[in-house]
Amino acid sequence: MCRWLAYSGTPVLLDTILYKPAHSLIDQSLHSRLGVETTNGDGFGVGWYAPHIDTPAIFRDTGPAWSNRNLREIADHIHSPLFFAHIRASTGTAVQQTNSHPFRHGRWMWMHNGAITDFHLIRRDLTLAVDPTLFAGIEGSTDSELMFFLALTLGLEEDPPGAVARMAGLVERTGREHGVDFPLQMTIAVTNGQGLWAFRYSSQKTSRSLYYSTRVQTLRALHPDMAFLREVSDETRLIVSEPLGDLPGAWNEVPESSYGIVQPGADQLLPFTPQPV
Amino acid sequence: MCRWLAYSGTPVLLDTILYKPAHSLIDQSLHSRLGVETTNGDGFGVGWYAPHIDTPAIFRDTGPAWSNRNLREIADHIHSPLFFAHIRASTGTAVQQTNSHPFRHGRWMWMHNGAITDFHLIRRDLTLAVDPTLFAGIEGSTDSELMFFLALTLGLEEDPPGAVARMAGLVERTGREHGVDFPLQMTIAVTNGQGLWAFRYSSQKTSRSLYYSTRVQTLRALHPDMAFLREVSDETRLIVSEPLGDLPGAWNEVPESSYGIVQPGADQLLPFTPQPV
Amino acid sequence: MCRWLAYSGTPVLLDTILYKPAHSLIDQSLHSRLGVETTNGDGFGVGWYAPHIDTPAIFRDTGPAWSNRNLREIADHIHSPLFFAHIRASTGTAVQQTNSHPFRHGRWMWMHNGAITDFHLIRRDLTLAVDPTLFAGIEGSTDSELMFFLALTLGLEEDPPGAVARMAGLVERTGREHGVDFPLQMTIAVTNGQGLWAFRYSSQKTSRSLYYSTRVQTLRALHPDMAFLREVSDETRLIVSEPLGDLPGAWNEVPESSYGIVQPGADQLLPFTPQPV
Amino acid sequence: MCRWLAYSGTPVLLDTILYKPAHSLIDQSLHSRLGVETTNGDGFGVGWYAPHIDTPAIFRDTGPAWSNRNLREIADHIHSPLFFAHIRASTGTAVQQTNSHPFRHGRWMWMHNGAITDFHLIRRDLTLAVDPTLFAGIEGSTDSELMFFLALTLGLEEDPPGAVARMAGLVERTGREHGVDFPLQMTIAVTNGQGLWAFRYSSQKTSRSLYYSTRVQTLRALHPDMAFLREVSDETRLIVSEPLGDLPGAWNEVPESSYGIVQPGADQLLPFTPQPV
């Protein structure tokens, strides 16, 4: 399993979110509190949008995040209004750059925590379901990347929530055809550089942890002394596998079987149900 | 493209073959003479059989062989009667451990130099042709590994030359269905720890270089002063992408469209023709 | 800080000691019980003696041991009568191959758990104390490697316990000259391929954990059913940072300020006191 | 030996300089024309200044530049008005991140091509000459990093040309004390984020190649059709180990024993002579 965070809002130095918080993602790489494993040291990645460039930059490596000097350099020197970061705990597939998240397709980024149960049993069938024109883009061997390619096949670029629901439906149907009772466990973040969608779902309704940050206006009223809150816009939002600290009122659990949309204007929190394909 | 060597015979320190020769494989990693590229620095691997263990050891890494200290240590301390070594020049797929040769399945090892032309066009169809029970073992993204899994699907463990001929036939037919005139370019070595088979073939009949060493008895007569030749058995044989030095009479080109068998007793050199599947 | 083990005795497959035990060193890389950190994922190394070769082989890498496939391959294929293994938790110096243990000089190997307090303050003075003819051999930036070079300077190859005592005395004197109250914290293993010496000491007398295995004859009487104990000689001994499992009677703490000698004939346990230089 | 480039001028995407030119630095990593080796695959680095941050970002890694995906990502997404890039061919010291250039100290960056002759003989004496307060900052084992620390010791931050001259004088004196006839071979670039100094010198007066780009105004007149020249300011300047292409009139050799200053206003080219220390 893994841990991740997604940031959208006022451009900040990546360091502000990745390293500075008391229980930052880097701290979680050694001492996760809510993850299946306390250590997430099997590769990591960060993806960010730079001004005037549609395609996000993806920096991924294979060792632990906590000791990676290049990640530290990037965090200390790059500002971005929208970025993903992910730390990996492999469930068996190889530790290699192409298995580190986030994954990219054109202007889209995707990251995942969870697993397809008995993936080895259904990997072939799911692979065959990928659009032949997309097939050559698969580079790694994870369930996570394959879920991305299935979502792309099923319309991610036109209808993200619908495509993720169809992907989940396909995984569940295929798994059950192979005798797997609870085929899917997932929290997912996906973005095109403008909207950001985050999903929490599992076949058994025991999904991995996922939290979103409270509206900035509300937080400012609660914590008038916090400088950071005065520097970021009302539109700023974080989605995280686990809270980055213990600030009272700051973090809210995403309910089971739901998804959130972070977008210009009011954000939304909606129920999520896999769709038959 | 790549360079490789296969050794079978009297157990020797790997260093004797990998580093010591004037134009050793390590030298070829920087200064290949007959390869498509002079530099082969995109990963490497060595696989060897140890006494009383059926499954070969596979040591693979992602950087260049020439600067790898662990390879140097292994070569300085391990003896083996049968080993493969490979240096990679990527034709585009990721530089990662799971894309380095040799590949292994049970007691079998496989390595390849060459390419499937327009692999991105036919990768999906070839992937679907892999036996579903083998499918989950595919870890990397190279044409070379996929060729291994196709050969396994088509009977490699029972009939190596036949299975490789059927694999080549399948690749050629699939390529031509996608409008590729000359789909295949390959030199391949494969072993089960006892026999060793080496193939040279390309659809266009312009195959990558491949050589085999002269019979040790003959070489001893030619070079009575060479201590190394007195220390190895008559059964000792090397197959190499390019000669390891300039010893007169030592190296013989494997003819176009042929394959060799290194085995207890007389070795063989036979014609190779892809077979329809 | 770090964790390590040293094995001396009947030649065994490295896997038997590195991976098989319930609380193996590989398990300790993720879940150390007695270490300063639970995670030891900042590089690792294994050094072993091969038949008829004086100089040990050293395989070291930079990522975590738990996910390293090459370590798994080596452990599955190499037998040795004397080997060291080490997993590192960096206290700040770079994660790089030359900072991974064990370190080697000719036929000697050295590994360390602990730290020189305020190393940055006294690194220069200690560096100057290294024999000029040895100086060029320093490749990394750790206190551990420097301690090895100081011990070599102070006679390690002639008198291991004396040289380590003088090294400890030099570190303590130099530290105190710079105002450091408790300059040294160490458990050390050193071998020349025949004898094996293991030290436990700290200036504050709160040394890191260190254990030695009970005599094989005694263990066989306690556990007559354990096949492993019947396969190894009476001379077989393990020294470990923490016990590899919960076998009753198997593990004994090395007392504070002492060192052990594993050698042909009776092993010894003796008091250790730093010596003035 | 190595190859490097330094860019100062209108902020550009790093890709424009690192990958786009016909004989780019990335091309030189495989096919250097003027270097001692054609292959420079033993690590690489890029250092750049970001807006409003004094300290440059340093991204360094250990494999070849030509296959590094993270370098490609950085080059595609980061603009900078002042950056260094370096590709390494090791002359024997370890291939590790801390041996890759550029090196950094506060706001200063340094990179080097060349070598100190018989470095192992004089490394200790030169190490002792480093200011004790700087000593703990040495992380790697190269002559290049040590030359940087000596220059810092000898006043780099106040007087770059003087400090480099004193460093060169110290290296030459120390080398000759150890019987080395021609101790120094160097091209060096150093910057504080505002000025940029580039040196070409060797004891034997056979220095490695170094070139500077022609003034932009002149180039525009020669090549009125080149869009790139219309997009960059008159102040834009490149210093390179070898020309990035064959554009007539674009490249000028830095004379033996000289150095250049790239700065606001007119740049300068001056003679360089080592100074006694």
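Each chain gets a letter, A, B, C and D, in the order it is written, and its residues are counted from 1.
Quick note on the criterion: contacts are C-beta pairs under 8 Å (C-beta built on N, C-alpha and C of every residue); 3 or more make two chains touch, one makes a residue touch a chain.
The chain lineup, named per UniProt: A, B, C, D = Glutamine amidotransferase.
Please read these numbers as outputs of a predicted model, since none were measured by experiment.
**Student:** Pick out the pair in B-C, C-D or A-D whose interface repeats that of A-B, meaning over half of the contact pairs match by residue number.
**Tutor:** It is C-D that repeats the A-B interface.
**Student:** Over half shared or under half: which fits the residue numbers at the contact of copies chain B and chain D, same or different?
**Tutor:** Counting which numbers both chains contribute, over half are shared, so the two copies meet through the same residues.
**Student:** Roughly how many whole angstrom separate the Cα centroids of chain C and chain D?
**Tutor:** 41
**Student:** Taking each residue of chain B in turn, which ones touch at least two of the other chains?
**Tutor:** Chain B, residues with two or more chain partners: 69, 94, 97.
**Student:** What is the shape of the graph in which nodes denote protein chains and edges denote touching chain pairs (line, ring, star, complete, other)?
**Tutor:** The chain contacts form a complete graph, every chain touching every other.
**Student:** Show which residues of chain A lie in contact with chain C when the two form their complex.
**Tutor:** Per the touch definition, chain A meets chain C at residues 30, 37-39, 41-42, 62-64, 67, 69, 90, 94-95.
**Student:** In their complex, what parts of chain D are in touch with chain A?
**Tutor:** Residue list for chain D touching chain A: 48, 50, 53, 55, 57-61, 69-70, 73-74, 76-78, 97.
**Student:** Report the residues of chain C in contact with chain D in the complex, numbered from low to high.
**Tutor:** The touching residues are 93-94, 96-98, 120-121, 123-124, 127-128, 132, 135-136, 138-141.
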